[in-house]
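Next come two complexes, and both contain chain A; in the first it sits with chain B, in the second with chain C.
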Partner chain A sequence: MSAVLSIRDLAVRFATPDGEVPAVNAFSLDLAAGECVGIVGESGAGKSQSFLAVMGLLAGNASVSGSARLGETELLGNDRNALNAVRGSKLAMIFQDPMTSLTPHLRVVDQIGESLMRHRGFTKAQARSRALELLRLVQVTDAERRLDQYPHELSGGMRQRVMIAIALACDPDVLIADEPTTALDVTIQAQILALLAQLKRERGMSMVLVTHDLGVVAGIADRVVVMYGGRIVEHGSVKDILVSPQHPYTRALLASMPRIDEVGNAPLQAIGGQPPNPRRLPTGCAFHPRCALATERCAAEAPLLSVASGRGVACHFPIRGGEHD
Partner chain B sequence: MTELAQPSARGFWADAWRRLRRNRAAMVSASLIVVISLLAFIGPSFSPHSFDAIDWDHMAVPPGGPNDHWLGTDRLGRDLYVRTLAGVQISLQIGLLATLVSLCIGVAFGATAGYLGGRIDNLMMRFVDILYSLPYIFIVIILSTLFDRGNILVLFLAIGAVGWLTMARIVRGQTLSIKRKEFIEAALASGVGTGSILARHIVPNVIGPVIIYATLTIPQMILFESFLSFLGLGVQEPQASLGSLINEGAQEMESAVWMLLVPAGFLVTLLTCFNFLGDGLRDALDPRER
Partner chain C sequence: MTEPLLRIRDLRVWFPVGAALFGKPAQLRAVDGVDFDLQAGEALGIVGESGCGKSTLARAILRLVPSTAGKIVWMGQSIEAYSTRQVRPLRRDLQIVFQDPLASLDPRMTVGEIVAEPLRVHAPELSKAERRERVADILRRVGLSPDVINRYPHEFSGGQCQRIGIARAMVLRPKLLVCDEPVSALDVSIQAQIVNLLQDLKRDFGMSILFVSHNLAVVRKLCERVLVLYLGKPMELAPTEMLYSDPRHPYTRGLLAAVPIPDPAVQPSRLGTALGGELPSPLEMAPTFDEVSAQHQVACWRWQEK
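Moving on, here comes the complex of A and B:
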């Protein structure tokens, strides 16, 4: 199947008073139709910045290179009008914090209707009836009344549903969800994830799920990309990554997840050390200062992403075989 | 007692209105403004006198005399009550219109500069700085020698040219703080164009400070107009504005003090009311910064 969204060698740098700071390096990804890819990593791993770059939403001091094609449209470095024709219609995004991502003085109906009126040329009445449909689709209770409410009158989960409704308004090919559940409490998280999974299934929409929570990925993604220090360190199918992680970082990440079936008060496993500062990335493999398996070679030479049988890992000493089970 | 900025089902404007209603000084001021405005616009037509008619039998009579000139007459026997109301009318018109003009220009200019940022912002704001540093009083004098003296249009140009500068700065500052908010990013992500972002997502968000500043601009504009008229650069005879009436009154101050006190009383009352109302609005629209 051909890729809906194809990212090649994406690099993002920020010009700061202290010099250039690389945030993302050599990021490539092919997203097939109907596929959900989870992007996992710690804060500062570059996962959000990669997709903000794809959306053309980076801060003013950022510079981008590489290519990101949505169908026939090149997204990187394209002018604002071409970008606006795609954003919201073919490519939509939902953000982390539903409390601040809705315009406070606009009614729900106006916010959902905005992209419909813009991209589809809907009239106000058409937009209203479509907005009602969408609210029902994202399972907002009492949808009729919610239409005329303001964001501050809705709860956090409700607002995230409205955000999803806005994103879905024009039936996008690709939905980028940037930590869609991070700001919500756990029960609501589960509901929103179930909703996203259902929508993806029913509409055959491709989805990118940016998160730091492997549990979220396990539930709904088909493939996983693990990022560290602005680079992809491992990618593969959910099953491969979760069952037999090859990169020590992925393995540590999995080990750090609290397990409900663990007997007694086993201490939480943390990854020692700090995530790297993108200003001063370690030489060689960025993970080597925190890696238990690191050797001198890891500090000297950056490992390349080697791809074999549908999965890739960037490590000199990948863990093969069922060491983790 | 501090009020928490709790989200309520009443909505922002209902909340603001509730807070404003509790502010007695602001409410009294608002009603006084309404009363004076109504008086100024319909009062003269109920009076037997016209603002420029000369009563040869009653020249320079003080208020409360045995005649129907309630607030006395000026040196030429013109009814001071009607003349003052006509003056209030002109002052209010100029104050409101000039504020409206400065509001439109200032908001459009400030929001555009703030949102586009970078070099355009720099250019636009340096232009504002240059206008700020021009000695506007000389410009008014030059303009009034080029055009007919007392041309209201010249007054507008002069007042408008300075009035919008501060508004533009305020709106630019607000825009800068709003444009990096997540909801702007979200709007961008759904493909909203620059114009709509400005008009739908940014300008309505700065409306609070804009209303406050506008209410405080009206008295400034009235004062400025009065000042120009006092200098003889504004409204010309037989038209009257509060400034020109105060000027005339000041010349008779020693023999007929009411000619000064009547228009001055109206001016002071109006200005005080607008300032109180502006203060009240600031508290009502921005409860956290009390």
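Moving on, here comes the complex of A and C:
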């Protein structure tokens, strides 16, 4: 299977007055055509920074190494013009906060039409009619009127739909969705997720879904990558990761989440401590200070990501055999 | 039944909005006719989406926003018309934990000063040593070392700041703790720590909790009863297990169906079963509360149809 997006050994570092801070290390991922990969982790895990790096949108003090190829195009370290030819046309991104990522002084029609006019050579009138189709596709009610509205006139869910319409305008090969529903109410979240699932199904779009919510990936992702302290700690099919996780962190994260379908008030299995600060990552395995299974070896030696039969785990003592209960 | 700790009757909080010059302002009905009783030691969850009035309701009960109509009866006294001066002594028993753990702590005060402040105001008779003792006690109780008293809030993580906020609220041993989205700003692994802490404190101190949240899974863990609000109006009020296993209001059902479950065998088929449409603005008349059973009330014309 050929990958539409292939990331190899991506590393992101930020230069700060207190020295260099590693945000992402040794991140590799192959995204197949029509596939949705969920990237899961807590704050500071490096999940957003990995894909901002792929989009060439990192802050000015960042340095990047490794490779990210979209088809034949290398994205990392490429110049702005080369990136602009790809961004918005073959590779699109939607962000968490639909208010701050739309331009406040441009009408909806101009924001959707911009990439069509730039990348596809549409005229203004063509762009307008395509924008209307797109708004209908993402199920914006009263689409015709919305075209001439400004972002502040729309609700949060509506703004997120507009952002998805912008991302879909040029029919990109890959859509990167960075916490697309985190800022939304739960009923609106369900609508947006259903829409993304439908787009993936009907248009065969490849998708990266960055989220902290394992419930969100369960409904839509084919594969899941779990990150902790800037590294991949586990990856595999959505079933592998959510039903029989092998990394103690994945397992602990699942156990710490209250579930809507769980009866009773037994205490949650909280993970002690807190997610690591990338400035002061623990030695060895970054999770060892919070891990119930950690030994001296875990503190001394960083585990490598070992891959077997389609799944990978970075742990000296992965939990195998016993089914997840 | 004994007199409840808190009795809310037909509580309304309206805000005037969009007044044209000399025109009559429209009324935004943030809370519009809420009734419930809260027993001593009981945890009541107040759930709903943004703009449903859940935070406004909590703040009106604490008299942090004025109510427009209705009754707030706290331990037998009607407090809805109390002046700030009259409410102040009651605050000893009515405490709140806010959503944003860092923003709700004064950045220029040390942790010791922050947690001691309620004692300074409400228990001035305590000596310095006694006060220090009480502060150290409650810090230990919320899982912080008493050594942190000389440090400042910015030195702590979100979860630790929330523990400090809980220590400040609990240092007076209040009878009612109002929690306004206390875990929404925290990382998943930290949320569980705070939920467990609140569960422990409730068990040990026996205070009542009003738990305002949009996270229905957390509410299920912590609360004995749940009130569902929509556009300022109560939709359903029921014991937790009854509400989650047998919701009668279509809105409650839609809300529950929208919460994702981290199980790939279940979740894909749940997508698309949730409510459609956008949240309307608080305008139209809604049906009133009907009794399903003595403990279960629902506001829907059609609740009897399964």
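Going forward, the second predicted complex is superposed on the first by the 323 of 325 C-alpha atoms of A that agree within 3 Å, B and C clash if a C-alpha of one lies under 4 Å from a C-alpha of the other, contacts with A are read in each partner's own complex, and residues count from 1 in each chain.
As a convention for this text, a residue touches a chain if its C-beta (ideal position, glycine included) is under 8 Å from a C-beta of that chain, and two chains touch if they have at least 3 such contacts.
Note that the structure is a prediction, hence the values are computed from the model and not measured.
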| item | value |
| --- | --- |
| Combined model on chain A where chain B meets chain C, clash or fit | fit |
| Vertex chain A angle, Cα centres of chain C and chain B, expressed to the nearest 10 degrees | 80 |
| First (chain B), second (chain C), both or neither touched by A:S43 | second |
| Touching partner for A:E20 - first (chain B), second (chain C), both, neither | neither |
| Partner chain in contact with A:M55 - chain B first, chain C second, else both or neither | first |
| First (chain B), second (chain C), both or neither touched by A:D148 | neither |
| First (chain B), second (chain C), both or neither touched by A:E74 | neither |
| First, second, both or neither for A:P258, with chain B first and chain C second | second |
| Chain B versus chain C, judged by how many residues of chain A each one touches | C |
| Per-pair minimum CA distance [chain C against chain B, superposed on A] in Å | 9 |
| Chain A-facing residues of chain B, complex | 7, 9, 11-12, 117-118, 181-183, 185-194, 196, 200-201, 204-205 |
| For the chain A and chain B complex, residues of the former touching the latter | 55-57, 60, 80-81, 83-89, 92-93, 95, 97, 100-106, 114-115, 118-119, 150, 152-153, 163, 166-167, 169 |
| Of chain A, residues touching chain C in the complex | 42-43, 141, 155-158, 185-191, 193-194, 197, 212-220, 238-239, 242-243, 252-254, 256-263, 265, 267-272, 274-275, 290 |
| Residue numbers on chain C that touch chain A, as the complex places them | 49-50, 157, 159-160, 187-193, 195-196, 199, 214-218, 220-222, 241, 244-245, 254-268, 270-279 |
